[in-house]
Each structure stands twice: as C-alpha cells, then as structure tokens.
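Working notes, structure below.
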Amino acid sequence: MNPAIEFLVAVLILLGALFALLGSVGLARLPDFFTRLHGPTKATTLGVGAMALASAIYFTATQPDFSLHEIAVMIFLFITAPVSAHLLAKAALHRHSAEHGRDVNDTNE
Amino acid sequence: MTQHAAILPILIPFAAALLQLAAKGYGITTQRSIGLVAVLLGVCAATWLVWLADTGGVLVYALGNWAAPFGIVLAVDRLAAMMVLLTALLSAAALLYASAGFDQRGRHFHPLFQLQIVGLQGAFLTGDLFNLFVFFEVMLLASYVLLAHGGGMARTRAGLAYVVLNLAGSALFLIALGMLYGTLGTLNLADVALRLQTLDDNHALARLACILLIAVFALKAALLPLSFWLPHAYAAAGAPVAALFVIMTKVGIVSIMRVQAIAFAPASATADLLDGWLLPLALATVLLAALGALAAPRLRDLTAWLVLASAGTLLITPVFPQAQVSAAALYYLLQSTFVAAALFLVAALVAERRGELSDLFQSGPRLHAPWLGFAFLLAAASAVGLPPFAGFLGKLMLLSALRDSGQATAIWFVLLFAGLLLMLALGKNGGRLFWERSPHHPHAIAVPAGWRRAIAVTLLVSPALLLALFARPVADYTARAAAQLHQPQAYISAVLGENRATVQREVRP
Amino acid sequence: MMRRLLPRPALSISLFLLWAALSNAASFASLLLGALLALLLPFIVSPFWPDALHIQRPALALRFAARIGWDILLANWAVARRVVGPVAALHPAFIEVPLDLRDPFAATVLGSVVSLTPGTVSIDVDRERWVLQVHALDAPDPQALIREIKQRYETPIREIFAC
Amino acid sequence: MEALLAIAIGLLTACGVFLMLRPRTFSLVLGLTLLSYAVNLFLFAGGRLKMDAPPLIRDGANYTDPLPQALVLTAIVIGFGMTAYLVMLALRALAESGDDNVDAKEKS
Amino acid sequence: MLNIAIEIGFVLIGLAMLLNLWRLLQGPDITDRILALDTLNINAIALLVLYGIREASSAYFEGALILAAMGFVATIALCKYLLRGDIIE
Amino acid sequence: MDPTFSLIAILVIALTASPLPLLMQRFGRGHAALATVLVMSACLALLLPLVPAVMNGTTLLASFSWLPDWGLALSFRLDGLGLMFSLLILGIGLLVTLYAYYYLDGHDHLGRFYTLLLLFMSSMLGVVLSENLLLLVVFWELTSLSSFLLISYKRESYESRLAARIALAVTGGGGLALFAGVLLLGHIVGSFELTQVLAAGEQIRAHALYEIMLILVLLGVFTKSAQFPFHFWLPQAMAAPTPVSAYLHSATMVKAGVFLLARLYPALAGSDLWFWLVSGTGALTLLYAAYLAFYRYDFKGLLAYSTISHLGLITLLFGLDTPLSVVAGVFHIINHAIFKASLFMAAGIVDHECGTRDMRRVNGLFKFMPITATLAIVAAGSMAGVPLLNGFLSKEMFFAETVGHPVFDEMSWLLPAFATLAGILAVAYSSRFIHDVFFNGDPVNLPRKPHEPPRWMRAPVEVLVAMCLLVGIFPQWSIAPILNVAAGAVLQQPLPAFHLAIWHGFNAPFMMSLLALAGGIGLYVMRKPLYAFYDRLPTIHASIVFERAYENLVTFARTLLAGLDNGSLQRYLALFFAFVLALGGWAWWSAPSAAPAVVTQTADAASLVALGMLMLAAFGVVSQHRKRLTAIVFTSVIGLIVALIFVRFSAPDLALTQLVVEVVSIVLLLLALYYLPPTSPAEEDLPRIVRDALLALTAGVGLGAASYVLLTTPFETISGFYLAQAVPGGGGSNVVNVILVDFRGFDTLGEITVLAMVGLAAHALLDQLILKAPTHDSEGRHWARERHPLFLEMLMRPLLPLALMVSIYIFLRGHNLPGGGFVAGLVTGVALILQYLASGIGFASARLPQRLPLFLAAGLACAGGIGAASSLLGFPFLTTAHGHLTLPLLGDIELASALIFDLGVYLVVVSVVLMVLADLGKLSVHEGVKS
C-alpha cells in the first residue's frame, strides 16, 4: 500500500475514533439531557463518517475493486441521526414539561 | 415413488396447510375438505410406510441428496413407522371431530392442525438430532396455538405454563445439542452412537450432553417433577386438540427409547445414564398420576392424569433396554394413546350434553346417549387395564417383560396399585357422570353428536377392542420393532451407509 | 412518458447510487440489476410516499449537499471543542425559528440539516405556527443563529423544492 | 479468551434464570431473552472460537466451523418466533386475568 | 503505522463505548439511557468498520450497514413509547 | 361335532350373543328373555354332548393362539370340575332368567339386564373353562366388571352404585393380585397352561417365589369368595336385584374364588402355608359370618352372611388339605349353589310381594303364600344341615373331616368343637329365617298385601328345592357321578374311598349334627336377649367405612397435589432448573473428566472491555428489571454485545441476524409494554429470592464451566465436508448460507414453518382481544398529543425504498457473502414497520397486502415447492441445482435453485413480522376500548 494512502487511512481512523470518543465524552460529561444530545448526533456521526471513509480508501487501495459500500453506511447514518435526535428531544421535552404540570403540545389547542 | 415414501407423512400435511392458507377465502368447507383429504392421505402414506418398514430394513431418506451424517436424513424403522401411523390415525380422528364445529372457534385452526402433524411426524421420522429440535419446535408452536384455540382464561393460563416450560426445554435442548456437537462433532443420531462407542476416557461432556438431552425428552414426556404442566394443559385444551396432544408425551418417550437403544450402547460411556434415577421418578409419576385421577374434578382432568399415568408407565421401560420390554412398551403405548384420546372426546361430548355442569363429576341429567356411556366404559376399562381390553394385554406384557428386571416388586406393585386407584376413580366418577341423576338438571341438552364426531369417537375407542382382538399381529409387529430398535448396528449401518467408515473428520482444537 | 416511467427521478438516481455503492460497482450485470431496481422500487413504494416533493433544481441541491458536508465538519470541530472545554462556559438555549416554507417534507429536510450541523438539534416543527424549535449547545446570540439557519439552509431548501 | 466467553455465558445464564423465576410475564420474557443469548453463544461455542476466519470460501483462507453458526441462526430465528408468541400470549393472559402475574401463590 | 492507528482507534472507541455504558447506567432519566444506547449503536458501527480494516475483510461490513440502517429503530421506538405509549397507532 | 370346536363355540356364542337381548328388547321384554334363554340353551346344547366323554374321565382341551409370545392363549379345558361348574352356571342361569322375567316386571331395561347377565355368564363360563391361566384372569376380571354393572343395575340409586363400586374395588383389586400371582405361577412353571401347571406341584412348592405367589393368588380367591376380612362387599352387593344375588352370590361369582382353590389345588396345596392360610381364613369366615348372619334384620342380608359363612366352610375344607375334605368341598359347592339360589329366589319373592325385607315387619307369611313358604323352609333346612336334604350330606362330610385331622393331634377336639359351633350358628340363623319370616305372628305395616307369586316365578324355586331333596335322599344316584369326576379333576389323582349315604350310623359326625340342630334351635329360642345384647354393640357399616376411606384418599390426593402444584409457573420452572442441574451434576461427576485445557486464544483488551460491558448490562437488566423500559434498554445493549461477539469470532451472518432480530424484538416488547404494567411490584419473599438466586447462580456456574471445558477440549467434526462441498456441491461460498438452504435446508424449512405459525398465532391469539390502553405513562404523565412526529413521518418515506434496496442487496448476495433471505426479510420487515411507527397503522395497513397468510403460504410454497420440484425429477426432497449462466455483456451469472428457497424464507419472514407487529399494533385500534 502506498504510504501516503496508509497515512491518510491512519489519520482518518484516528480522527474518526477521536470524534467518536469526543461525542461519548460529551454524552458522559455535559450537564443536562439537551446538551448531551449534541455529542452523539454530531461528533459520533462524523466519527463514523471518517472511519467509513478510511475503510473505503483502505479497501479501494488494497483490493482490486472499488470499495464504495461504506458510503451507504454514511447515507443511512445521515438520514437516521436527525430522526433519533428529534425524537429523543421530543421525548425529553415531553417528560420535562409534563413534569411541570403541562403538556408542551397542549399549547396547540 | 417408493423412495419418497418416508417424506410423505411430512409433506402431505405441509402441502395441505399451504393449500388451506391459500384457500382462506373459500370458506370452512374447503378448509375441512382439504384437511380431511390430507389426513386420509396421511393414513394411507403411513400405512404404506409401515408396510415398507416391516418388509425391508431401515428406510433412509437423504434430504437434499446429502448423505448422513452431513445432510439430514429421515430414518424409518418399524418403530418410527408405527408412530407415524399412530399419529396419522389419531390426527384423522381428531380432525373429524374438530370438523363438526370446533374448528370455527378460532382462527387458522386447519393449517395449524396440519402443521402440528408435520411437527409430530417429522419428530418421529428424523434421524438427525438438530432436525429433531426443529420439529419439536414446529410441533410445540402448533400445539401452543392449538391449545389456545377456542379461547378462555384456563387455556391461556395453562398455555402460559406449557409454553414457558417448553421454551426452557428448548433452551436446554440447544445446550445439549451444542455440547453434543462440540464433543462428538456430529448431529446425526447414528453417527453420535458410533462416536459414543469410540470415545476415550474423557467423556464427561458427552455424558452431560446426553443426560441433558434425556432431560429435555423427560420434560416432553412429563416425568415427575417436570410433569405439572401436563394435567393443566391437556385439560384446558379443546377436546380434539387434547386428543391429538396425547401423542406428544409419546414423542418424548419414543425419543428416550430411541436414544437409549441406539446411542447408549452397553459398552459406551453413556450406558448407565438412565440408571438409578429414571425408574423411581417414573414410578412416582405413575403414583402421582393415579392420585391425580382420584382428585380430578372433571372427566377431562381425569383423562389428563391418565395420560400422565401412561407416560410414567412407559418411562419405566427405557431403564431396561431389552427388546422384550420395549416390545411390551410399544404395545402399551398404542392402546394408551387411543384410549386417552377417546376419553377426551367422550368428555367433551358429555360436557356438551350436560350444559353448565360440563363434565364435572356431579349428578346431572340423563344423557340419552347409551353409546357414549358404552364408549366411556370401553375406554375406561382399557385405561385401567381391565380385560379383555388392550390395556390389560399391555399391562400383561409390561409386567411379564419387567418381571426379571430386578425391580419387579416395586414396578409390579406400583403398576397394579395405580391400576386399582384408577379403577376406583373411574368407577366412582363414571357412575356419577352417566348414572347419577340430579333433580336440578332434569334434562340434558339435546345435541346430536353428528356423524363426524361419532366416527371420531368410534375410531379412537375401537382400538381398545381391536388391539386386543388382533393382539398377536400387533404384538408381533411391536416385537419386531423392538428387536430392530435394539440392533443399533443395523440402524447405524443403514443410516451412515458407506460413509460409516469414511466420514472425514477434521480435528479442531 | 418519461414521467410515467420515471416518476421520481431523484429517488431513482439515489437508489441507483446506493446500489452502486453497496455492490461496490462490482460488475456491469450488477449495475444493470441496480438500475432495474432503481426504476422499479419507486413504483412499489409510491403508496407510502404520497404527494412527494420533487427536486426542481438538482444542481443547487448538489451544491447545497456539499455545503452541508463542509458545515458538518466544522460543526464537529466546534462541538468537540466545547465538549472538552469548560462546561460552565456553555450557553445552551431553546430557540424558535420562524419558517417561511410551508411544506412538511421541506421542513423536515431543514430540521435534519439543522440537526446535523453546528451545535444545534431540531426538536420539532410546530405545523400551526410554522416554527422550528431548535436547541443550541452554545448560543450566546440566538437571533444570529436564527438568521443563519434561515439564510444558510431554509432559503436554499425552498429554492431546491420550489416551495 | 475461552474463559471470557465462558464467563459471559455463565453470567447471561444466571441472569436469565433469575429473571425467569420472577413472577411476572414480562420478567419471564426478559429472562428468556437473556437465556437465549447464553444458549446461542453456547451453541456457537460448540464450534470453538476462531478469529478472522469467517466461513466464506475464498482462496487460501482458514475457516471457522460453519455448522454451529447455521444452527445458531436457526436457533435465533426460532427463539425470536417463540418470544413473539410468548409476548402475545402474555397479552392475552393480561386481557383475561387483569394482571401479568404468573405465580398463583400471589393471587388471591 | 496503520496498525498502531488501528489499535489506538480500538482503544478510543472502546473508551467511548464504556462512557456510553456509564451514562446508560447513570441515567438519570430514561431519555438519557436511550440516548446512550443510540450512541452505543453508532460507536459499534465505527467499531465494526475498524474491525473490518484490521482484519482486511469486508465480511463484517454488513453488520455496520445494518446497524446504520436499522439501529435507530430501537431509539425511535423507545422514544415513541415515551411519548405516546402506543408506538404503532 | 368336534368336541374342541364345541368348547370354543360355547364361549364364542355366549360372548358374541350377549348383546342379543338388548337388540331384541325393542320387540318386547318377552323377546329379550327368550333370546337369553336361547343363548343359554344353545350353550347347554353344545355342552351336553361333551358330558359323556368327561364323565369317562377325559379332559377335553382346545387351544387357539392369542398372544403366544406372552403366554396368553385361547385355550380351554373341560374336565369334571369345569363341567360341574358349567352345568351349575348354565342351569341356574336358565332358572334365574325365568325368575328375573317376573321379578323385574315393570322395569324398562330388561334387555340391558339380560345382556349383562349373559355377559356375566360368559365370563363365568370362561373362568371355569379356561385352560390358560392368563385367560382365566381375563375372564376373572371380566366377571368383576360385569358384576359391577349388574350390581349397579339400579344405576340411579346411590346404594346400588356404591355397592357395585365396593364390589369392584374388592374383587377387581383382588383380581390384580391374582393377575400378579398367576404371572409368577406361570413364570415358575414356564407355562400358563393348566395341564403343565397342575403337573408341576412339587416344582412350584419348592420355588423361592412360592409363598409370595400363593399369597397373591389367595388374595384373588379370598376377595372373590368374600372371605374375612374382604367379606364386606358381599352384603353390600345385596343392593342388586334379587335375580342377580341368586345368580352371582350363590352359584357363580362368589364361587369363582373357591373354584380357583379347587382348580389350583394340586399345584398350590400341600404346604403349611396353604393349610394355615386357607383353613384359617375359611374357619374364621365360617364362624364370624354365621355369627353375623344370625343378627340380621334384613333376610337378604341374613342370606348374604350365610353365603359368606358357607364360602368360609368350603374354603376351610380345601384348606384342611385331605383328599376327602376336598371332595367334601366340591360337594358343598354344588349343594350350596342349589339351596342358596333357591333361598335367594324365595327371598326375592317375599321381598317382591311384601315390598320390604325387614324381618321385624315381615311375619307370618306362611298363611299368605304357603307354597313359597314350604319351598323356602325346605331350602333353609338344607342350609341348616337337616337330614334328607343335600346340605346335610356335605355338612356331615365336613364334620367327619374335622374329626381327627392330622394337624391337631394334641388338641384334636378343637376342630370338631369349632365345626359344631359353626353348625349351631347355621341352624340358628336358618331357624330365624324360617320362623321370623313365615311364622312369628302377623305382618306389620306392609306396603302391600302379600300373596303367592305368578306360577312361573315360583317354578325355578321348585326345581331347585326338588334338587335339594333329590340329592339329599338319593345322593348316590343323583349327584355321585358328577361329584366323582369333579373331585377327581380337582385332586388330579384317584379319589379316596367315600360313600354318599344318608345314614352312616351313630358316629361322631352324626352326633355333631344333632348337637348343632339342638344347639341352633336353642340359640334361636334365646334370641331376644342376644339381639338386645348385639344391638348395644357399635355397628360398623362397611359402606360408610369404604366411602370414608375413599373420600380420605381423595382428600389426601387433593392435599398432596395442591402442595406439590400450587399453579405457580415459577415453581415449575424452579423444579425444572433444579432437576436439570441435579441430573447434569450427577452425570458430570459420575464420569472421569480430565479435560486437557488447551487455551488457544489469549484474551485482549477489547474482549475484556466487551465482557465488562456485558457484565454491566447484565447487572443493569437484573437490577432494573422492575423498571421495565430501562430493562429493555439494557437488554438491547446485551444483544449488541452478543452481535459483536459473533463478529469477533468469525460469524458475520450471526451478527447480522442478531442485530436485526434485536430491533424487531424491541419493537415487539414495546408494543406489549404499552398494555403491560410499566413496572413490576417489589418482591417481599426473601427466602424465595435467595432460592432463585442460588438456582440462577448454580445454573450460571454450571453452564459457564461446561462452556469452558467445551471450549478448551479438542474435538473432531464433520464440518470439513461443508467447507469442501459448499462451492462445488452447493454453489455458494457463504458456507453458513449453503448449510441453511442446502445441506440442512430441511431445518430451515422447519424453522420458517415455526415462524409462519407465529404469524398465524398472532391472528389466532390477538383477534378480538380487548386490552385496556393506559392513558398516561408510569409516572402519571398524559401521553403527548402528537400522534406522528413530523420528522419521523417525513424521513421514513425516502428511507423505505433505500432500506428495500439494502434488503434486496443482502438477499441476493446471501449465498456467497453474509446475508440471505432471513436477514433480508427482517430488513424489509423493519422498513415496513417503520412506516407503522412513523405514520400509524391506518396509513401503513392500507398500503400493505391485506391477506398476509397468503404470502406466508407463498413463502412456504417457494421453499417447499423448490424442494418438491427436485422430487419430481427423481431426487430426494430439497435437492438443489445450481449452475452458471454466461450472458453477453453481463458475463457470468450464478444461478442456484437455493435462491428460490431463500426467497421463500424472505417472504415468510416479511409476512410474519408484519402479521405479528401489525396485529399487536391493532390492539389499540379497537375504538371505545381506549378510555
């Protein structure tokens, strides 16, 4: 394997792992649910993205064919991460507001 | 066509179930017709199979054309063929009965019934232990749903216990299989037998695997202390379902007999696995069942206890791996199956006529159905082992065969004493049900049994007499079946064929 | 004719690309199969996607996607810094972004983009007031954030879907 | 490594059995799920542990034992089916008896 | 070089997953636990991809794909349960 | 006609024709009676031609095979004893038939009665004509069964049914003992054929099992012949109609016991045990029953106890074990049958005419029915042993045998004194029967005015009384021939010299007879103080004792069962686990195990981390299991780690499957959790928690240890075959998939059948199920208003085609790379479930096929059909085919029929997921339920 490519892959791997860790650190460390929500939705998805990119490059370089299927992972992750975040936020908000005696969605009525 | 005979008992109900699913929209008559034609074909196929098994050696059918031990094979010896025929007959009677209206009390009765047959027949036919697990599951899941058929709290409660215990049993089955494969590197029963014979000293795992396998079968066979689910489940099931269920304990028993005879050869590491514990537990099962019969409040409960009593009785026999004992056991198995199934149907017909009194052992109206009383009498007499019915002959054979077992005193005492208790219970409660009149319930509900149900009851009751009348050919067959069962080398050779010597095994760390 | 054969061109293309990615564009036969599936699947799923929006400006869509990719990179950097930095220095806030677009799907796209990008997570869209609820990890100036979301994301989305 | 997997299996078994012995259908389901994990891992262990040797035929590769994997697959599927059935039955029991207690002792 | 990076990557992701688990055990609210589970899933994707690189095998990729495409279903189902109780209505 | 044929024919006719009266009943009761008479006559007609041969000392044998391997044969034997009994059975049977026709006047079920009577008669004939001992047991138990039905003829009366049950319990139970005894006897001799058995007396008595065998056989004998302490069933059985008593309790059923004593005499007698057991029981019964008979107020009860006493006498005679005592025993069998049958019939007439059997009310009947009275008096005289009547003769022989019996040399007076005492009591109760019924003042308050019965009702009594006289006066001419052959058949050796005559001179027996007569009358004269004394004694009603014992047994059974099985599923499970652990522990420790620990893999950090996570998660599940949602979350983590373990150890297919199944399972659990309580209540039963924890711990340690040993033990496996054959034989390089769809496709077919049934079960179980939907969550919050969150709803639309694409991709590559029908099906399923989650059941259901069972069928048909297709080509079921297709442009395309099989799997999985989840989801759609 080309050392440059190897280096690139190594950097991407480290970057990805680091972001994944940072997202999780945020999850563990940040003070309330809504701030914690930011870590995973962004840092972690980026971490996976970098990792997938590393994989794509690595396999394309080491194997005869292209390795594109990592892209599929990213596609799905980018579609699903906001949905998870959205629902988590809604759920937390619901629980939070309802605890204070009202339902957030009651305002709609 | 002959080469496919072995798979027909599985494929016919399978195809029927598919047709019934596909024909959902065409009404109950279509469903019934498909089902009845299928069980009829099933009886024919099973009869043919018995004939084939009795004329030749062990019939081996390699599914997917992959020879044992690599592929799954069906191995049909006389025992398997006999059980297949028994299942076919039982299912025919049960379906006839159910087709008189019971099938409409819930959804999907017909395909599930056929799939239940698939599971049963597969379990009897397969020569592969993991495949046995799969067919156990097919059988169990169908039985779970059929048990719940018709609804009601009792069914759900009993069903829950039945399901959960059997799920635990399935988990254990998998553990046993994992251990067996991890030790012997094979799943084919014949191959397992072969490997067990050549095992070195380090065989604790193999023993453990085998005993766990036996424990699974003991659960299906309802050996004490794994028996408590049975009375609840069987009594809760609808009559035709309960009638079909009678065969299910036999699956466990036959499996134990088979594994014992084929895999636990006298010289093998597993030869003593049934010693010491099975006999006392089996005897305790019989006694408990007899007491249960005394305590039973309804005929269907009593019948469920009868099933347990016969299961306990049959579970004595694998402890003594002799052809004569097995021959006796198989004859006894035939009659006890029919008789208990018949009693379930009779109980339901009686309950129907007695309305809210159901089949509770309380005085009630005159039933105006002497044939029902007659059927009850016949079945009950056979069940408790009164001559000249098949139950007596079965007991005669068992007692004779077990005479030299070394434990004859205990076995004889328990079997005869339990017979007496059952006789007392049936004598008392049969009288209450059929003879005792209650002024509060002067009139029975006039429900015609209908030809289907009458035929079904007749089909199941008549063996009590026919098996006695034609005891010789039947007993000769069971003797041949038992002899074949106790010649494991023949079975192994038939199943493994040329592979026997040349099975490529690779050593894995 | 084209419309009938290819009711959702963007979807079909996406599907084809997904297939190509999944199969690593291994062989011609496989790509052909993928194309076939990309043509067929929209028909199969069309009942599940009633009144779908169509991408009116594909080129803009591509450019917008690239910009989001870049934003995600930046956003992560920013968030990462804040995550390891002093927690007390954060200014988390709930923000309501009034929307101009009126299409639920477009709003969803906007919400997703907001969720994926700098320190913001979309919580909900109030479909009566057409307001996007957003939680920001660190928003000392909420109004700036609202402006940025509207300009940077809502406007292009409205243009892409022409809504 | 073997010890680790053995511990994992034992742990899952113990937790599964303990939960199965709780008197509620829901705990039963949970316990059964855990026990299934343990059992599947055990069945899988029947083929021993081999790393980076998936049974996908390619040149010059070494392979782990594929048969236990096939068996576990079947077991997972059947286990899923059974869990689904149990859950449905539990709901039916709930509808009929009003609670999810499966221990008659606690019932009046 | 690559091997070192991979090993470091494993350590980092392993740490990340332990942190997720810590949050999972810690809560305090159920939403925190669900969030932790979701993050754990995503980290697992990274782990699988990384494992694939280490073993130079694409055999594990589908695991990552399935986690990416289906893993979030657990999260949304759990959230929907919190919101509405009935997740399919 | 061939004599052996006749022998068989008698039984075949008797048995097969027994339903005839039932069938003829519709033509009138006369026809039923006629049919009975005809059947009996036919039997008699077949029997009579055989008489000369038997009288010449021939033993006729006939044998047909039944169950030869087990010693049971349809072999019959007609010798003197059998002939004597057959004649009694058929002769008295005919008389009883005639008698019953009148006695049961006004009953509806005469046909049933006659049928049962014939059935009973057949069984009785079977007992006395059996050559095979097992066959004898068959008929023996059949007499128990048919007598059960006869005694409970008045089935709606509690007393009748109870009496029948008591009789069944005692005689049927005794029959079981006899069964066991006969099995042992046959084992000792090596044959169940009487010819062999009777010739093997020495061998039998010398055998180690002799004592136990004898006791078992005697249990059968004593119960059937109502010997003390098993006598109590017989007085109860008087609840039966009198014809039944006349038949069963004089001549037949109860005689079966003493018949067996006689039958097996050469084989079993001749030991001390025999002497003490048989004569002791007989003597005790003789005296005790005679004593009780004297105190009866019910004249039928008096006769019943007298019967017991006489049976005791006969038993005693066989027990005395001298040739002459045996002759006397046989003789008394005949005499007792004759006079007791007539007495029962006479008693029946009185009962029939008076409507009561209480001797305190029935008085002075002589003036109302002088002829019947005379007959009864004569018969009672015979019972008392009055000279010129047959009973006198055999009693004289009995007295003679008691005098100077060899066993009692020192106390030789004891036995005669005892016999005389019994004679005194017999005279006393006979006197009572005569005096109290036919004289003793006037009737008291009778329901109806008694008069002579119909002419033909009395006829049977007349015949029998005539025989009493005939035998009593002309014994040598009338009874000697048959007695000789019968006794000869019993002894199986030349008869001792004896002379049947009325007058043997003033010898000891005659003095004893005189003493008995005088003493008996004296006793009767003193009856008043004796009755007064007896009435003060506590009375024990056997029926009450029996019923109470039965109820106690039932209560015991109920208590025991309730104790064992409290309906707790958890107890069943605990028992199951404990049982398995105990059994497994035993199997493990009882075998040598020297596991060579081969650790092949060293643990690395990642694995330790995974294990740590697993532990934490498992701890989470157990500690949080009462908070159910949290527990689900933790379970999900465990599922993820298990998937990672699969990945780690080279099982990508398993990991995939595990991951998707996990998702579906969570959705499933959440659907259920909506209706289930969100939390479990706390448990307070600490001992139980400890018990469960111990069980769980043991199970965990057990399986963990087993895993470790398993993992570190090398083994040989067949799996090399799969690896070698996957590509050439199965056409796929994913060996797991090839195993699933090809090598072991049959398993997979079964597996999807299970799944399909789960789908059907969803319909079957959840159809019309009504569940209360909670309006708020566990912490009391009301549910959010918004049903379908916007982002979710919108984003799931593009996701569906993308996910479908993934599932197709996974499906197609499965044969060669990780994937396959099952995972693909689950992915499709989840993609569709997402539509339910996002847009609701109304939206999704409307867009999905309605008849999912059809899809199930299609899936199963794909999988099964491709298998069946190979059968049509002559290959076994599920044989696959595969090949390469080279197309221009496209290149090499691999085709395998296994793909169609996999398609079946796919279809089934998708349908099932939809059926289950949609049906669970639908539970809340039932309007109005959601309050």
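Odds and ends about this structure:
The letters A, B, C, D, E and F name the chains in turn, as written, and every chain counts its residues from 1.
By our rule, a contact is a pair of C-beta atoms (placed from the backbone, for glycine too) under 8 Å apart; a residue touches a chain by one contact, two chains touch by 3 or more.
Computed from a prediction, not measured in an experiment: that's the story for all the values here.
With contact taken as defined at the outset, chain B and chain F are each touched by D. When the C-beta contacts at C-F and at E-F are tallied, the pair with the greater total is E-F. When chain centres are defined as mean Cα coordinates, F lies farthest from chain A. Between the CA-based centres of chain A and chain F the separation comes to 69 Å, rounded to the whole angstrom.
With centres taken as mean Cα positions, chain C sits 15 Å from chain A. Taking the mean of the C-alpha atoms as each chain's centre, chain D and chain E sit 21 Å apart. Mean C-alpha positions place chain A and chain B at a centre distance of 56 Å. For chain F, residues that reach two or more other chains under the stated contact definition are 567, 569, 571, 573, 577, 600, 632, 648, 652, 671, 673, 703, 706, 710, 715, 717-719, 722, 744, 747, 751, 754, 757-758, 761, 765, 784, 786, 789, 791-792, 795, 798, 802, 806, 817-818, 920. Residues of chain B in contact with at least two other chains: 130, 134, 137, 141, 144-145, 148, 157, 160-161, 164, 168, 175, 178-179, 181-182, 508-509. Contact of a single residue of chain A with at least two other chains is seen at positions 23, 25, 37, 39, 45, 67, 69-70, 72, 75-76, 79-83, 86-87, 90, 94-95, 108. Per the contact rule defined earlier, chains pair up in contact as A-C, A-E, A-F, B-D, B-F, C-F, D-E, D-F, E-F. Considering their complex, residues 566-571, 573-574, 577, 599-604, 607-608, 611, 614-615, 618, 621-622, 625, 628, 631-632, 635, 638-639, 642, 645-646, 648-654, 657-658, 661, 664-665, 668-669, 671-673, 675-677, 680, 683, 692-693, 695-697, 699-708, 710-712, 715, 717-719, 722-723, 726-727, 733-736, 739-740, 744, 747-748, 751-752, 754-755, 757-758, 761-762, 765-766, 769-771, 816-818, 822, 912, 916, 919-920, 923 of chain F touch chain D.
Chain A makes touch with chain C in their complex at residues 19, 22-23, 25-26, 29-32, 34-35, 37-39, 41-43, 45-46, 49, 65-72, 75, 78-79, 81-83, 85-86, 89-90, 93, 108. The touching residues of chain E, counted against chain D in their complex, run 55, 57, 59. Those residues of chain F whose C-beta lies close enough to touch chain B in the complex are 65-72, 134, 137-139, 141-142, 144-145, 148, 152, 155-156, 158, 161, 164-165, 168-169, 172-173, 176-177, 179-180, 183-184, 187, 550, 553-554, 556-558, 560-561, 564-565, 567, 569, 571-573, 575-577, 579-580, 583-584, 586-588, 590-596, 598, 600, 703, 706, 709-710, 713-722, 725, 729, 742-747, 750-751, 753-754, 756-758, 760-761, 763-765, 767, 851, 853-854, 856-858, 860-861, 864, 867-868, 870-871, 875-880. Of all residues in chain D, only 20, 25, 28, 32, 35-36, 39-40, 42-48, 65, 67-68, 71, 74-75, 78-79, 81-82, 85-86, 89-90, 92-93, 96-97, 102 touch chain B in the complex they form.
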